[in-house]
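Below: one structure, written as structure tokens.
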Amino acid sequence: MANELIRVEHLKKYFKVPAGTNHAVDDVSFTIARGETLGVVGESGCGKSTLGRTIIHLLESTDGKIFLNDKDITHVNKAELKALREKMQIVFQDPYSSLNPRLRIENTVIEPLKMSGRFHSKAELKAEANKLMELVGIDERLREAYPHELDGGRRQRVCIARALALNPEFIVCDEPVSALDVSIQAAVLNLLQELQQKMGMAYMFVTHDLSVVKHISDNICVMYLGQLVEKAPTKELFAHTLHPYTKALLSAIPSTDIHHPMQRIRLKGEITSPINPKPGCRFAARCPYATEACQQPQKLEEVSAGHFVSCCRIHEIGE
Amino acid sequence: MSDFLKVKDLEVIYTQAGRTVHAVNGVSLEVRKGHTLGLVGETGAGKTTIAKAILRILPDPPAKIKRGEILLDGEDLLKKPESEMLQVRGGKIAMIFQDPMTALNPLMTVGDQILEVLTLHNDYDIKTGMKKAGEMLETVGIPAERYGEYPHQFSGGMKQRVVIAMALACNPELLLADEPTTALDVTIQAQVLDLINELKEKFQTSMILITHDLGVIAQTCENVAVIYAGSIVESGTREDIFDHPTHPYTIGLFESLPNMTAEGEKLKPIAGMPPDPTDLPEGCAFAPRCPYATEECRRRKPEMKELSPGHLCACFNRNEPGTLKGGA
Amino acid sequence: MAKQKGYKKSSALGEFFRRATKSFSSKLGVFLLLFIVLACVIGPFLSPYGVNDVDLFNMYAGPSKEHLLGCDSMGRDMLTRLLYGGRYSLALGICASLFGAALGIIIGSIGGYFGGVTETVIMRFMDVWSALPGTMLCILVSNAMGSGFFATVIALTVGGIPGTVRMIRGQILSERSKEYIEAAQSINCSSPVIMFKHLLPNVIQPVIVTTTMGIGSTMIMAAGLSYIGLGIQPPNPEWGAMLTEGRTYIRTNPHLLLVPGIAIALTVFAINLMGDGVRDALDPKLRD
């Protein structure tokens, strides 16, 4: 694909923990096109945040390959990493802990500009920071405020301005709206979309909220315990949901439609841990359709154009 | 019509560093026997303060209940001496907190924690108590064999089940659930909501469910009250609120949801921010953000008025029950 | 207070000073300390008596018009000795505490930030260090380095380092995992920038508080040293030394003990009040 920005091949990230090895990200592959949004959905502990942090090199990958613009960036030296970080940025979940409480927000936005070395005078830096803050909708009178003087939505705007400062091609949005109230969440989602249209960067949008991801993504990956279980264009995924876990996830969202209560697929049990997992489908323990065959390792297979599912029983289960 | 719990004109303030935070401003609520009232609103709207005021566990100072009545079965809880409140808490009224991780004592087995609640309010000997506690665990879907395990051996959803078991241990008549599923994953949230619904049927408990999630309200509540900046702006049955949202704030809440059915449309956030609770606007608290606001809204605070039987709304400009466009 | 919420920035230092002395108690602290320091610096020049002028007629004299705070066992004027000795005591206490804190902060932040082997080595070394009793360490160093002023400062410094290191490292451990540190990494901040601009200002608060509180005990420790013949040497008066000297006469002539005792207490009190002010000034959350 000529338009491809990020390609991840068989990416693995393991952590050593006292109880064994945590397979936080286990053999994940996907591509993100320029200017597109990939939604990554999953529950807590499924490795979705680790995946994002590994791609932008906040964590080092255990195995697999990461490509940016068709260039292998899996292993880079210090100078390359510096250049790389200008292209890939991140917006975090918690706007309360992702801003330094002792830095005025203007300085928070100026800092990456300073680090880039593109600006030479204080006035230039200030002007650029002002431009960025205007872009994300931070009032002029708030620019000298400290983070604790702003509400969550505004803080998240500051975080977005900081990420935009280096003019990245790719931004990992790690649950950027889950800590916000709905009315504010909507404004931040709109902002992210507007910025994408204006500046053309790609997003990897990590979240547990399917309705948010449906709204913002072009393609969606569903993760369960470190692995992709389903991957498809957004429309296709919601029109033909195939994997039992995706189905359960969809049906678990409390719907606001009081007249058509959704048929809820009840899952047994709790999410198991990704520490020393057994081979075979990791969802099998909770899956209402699990059989003997599910104890075998599963492969992600293309069932229709662009729609991948990792389940040996989809043909029997149907939609 | 048996209103089991009646809150009348409750006002709570916090005094912090010489400033007065108007957390709850004249809230009236009713909960019927066996029914669930959903209290929906954003962060800082005063939801939790109301629940804590009902249980009388607000820290005083800085909090102060300035006026109002809280009638439980006709008795005003605010007039009761502290000694009688001890019997009410955990006995007649129980509360489920948002964060199951911190609501349990990490040094006590889950069974013993339930046992503790049981023996506080009943004259059980240890053996019956333990049996009862085991039964409670079973009721919330945890095998009784796990009686002797410690909280860290449970996952988040299981811990919340334990918390629910503790709350239900003494068969309370009123359950205050403060964001009981917010800290949980969706599939686990679905399980816990199902459990709450089942138990409510089984024990005929009345409940106030506090949440910011309209979806959770839709799945569990018979009645809904929408709260904004410490005041109820709209209340009614679930059908009233979800089919005929009338107050501009309620409508704004619905419109800002990334709807599961709408396609590719832009979201419509509510403009502006909630007001500073130390400096509330003189008139309607929502007026600065409201597209319909008039001079009158800015001058005078609107009263709740009845649009249709049981459906109340505090707005000068909306006199007819609204209609939800699109949907249904 | 200011009605509209403006975010005007005045000069950083002036702003800091204004905020550090905002409350009454911190103002009191600053003035009290200023007064004590000035008195110690200027006082001895104004006194009609020499520091070591012996006056056998006034041995153990109580406070009088001639000797405002009385005289000691050799008839030396207490007030003069107090002010003169204050120079040593204040300088020793403040220098040693600041030194200890500075070294502790540097070592602790290196350990906490880099983690891994660096951290293990530093922390195990600190364990050994703090296993030695502070007093003994102090005596050893003082013995080895002699009795000069600077040597005494060093001797008093060493005991305080491990505590600061441990405190800073603990703070950094909890702060390091916050997302704003990751954010700083992702915008290419170098390690020193992250450490000094992002981490340190957020972890330094408890150190400031314990350091100011520690000045008092450092002064006492200095007294201990001179008592066993190390540190500042007699006949130079030093508050701690005066205190130990007065101890003998606690029943008969209590003013010998009370005068330096109250001086130490007042100084520590003033420093503590000021420490609270500094802490508040460093916390943007307490801005008006």
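As written, the chain order gives the labels A, B and C, with residue 1 at the start of each chain.
Note that a contact is a pair of C-beta atoms (placed from the backbone, for glycine too) under 8 Å apart; a residue touches a chain by one contact, two chains touch by 3 or more.
Keep in mind that what you see is a predicted model, and the values were worked out from it rather than measured.
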Chains linked by the largest number of contacting C-beta pairs: A-B
Centroid comparison with chain A (C-alpha atoms), farthest chain: C
Inter-chain centre distance, chain A versus chain C - centres from mean C-alpha coordinates, in Å: 50
Centre-of-Cα separation between chain C and chain B, whole angstrom: 52
Separation of mean Cα positions, chain B and chain A [Å, integer]: 32
Of all residues in chain A, those that touch chain C in their complex: 53, 56, 58, 82, 85-86, 88-90, 92-94, 97-104, 111-112, 115-116, 141-146, 148, 159, 162, 165-166
Chain B residues within the chain A interface of the complex: 42-43, 155-158, 185-191, 193-194, 212-216, 218-219, 238-239, 242-243, 252-261, 266-270, 273, 327-328
Residue numbers on chain C that touch chain A, as the complex places them: 5-9, 178-180, 182-189, 197-198, 201-202, 282, 284-285, 287
Residue ranges of chain A in contact with chain B within the complex: 43-44, 151-153, 181-187, 189-190, 193, 208-212, 214-216, 248-249, 251-259, 261, 264, 266-267, 270-271
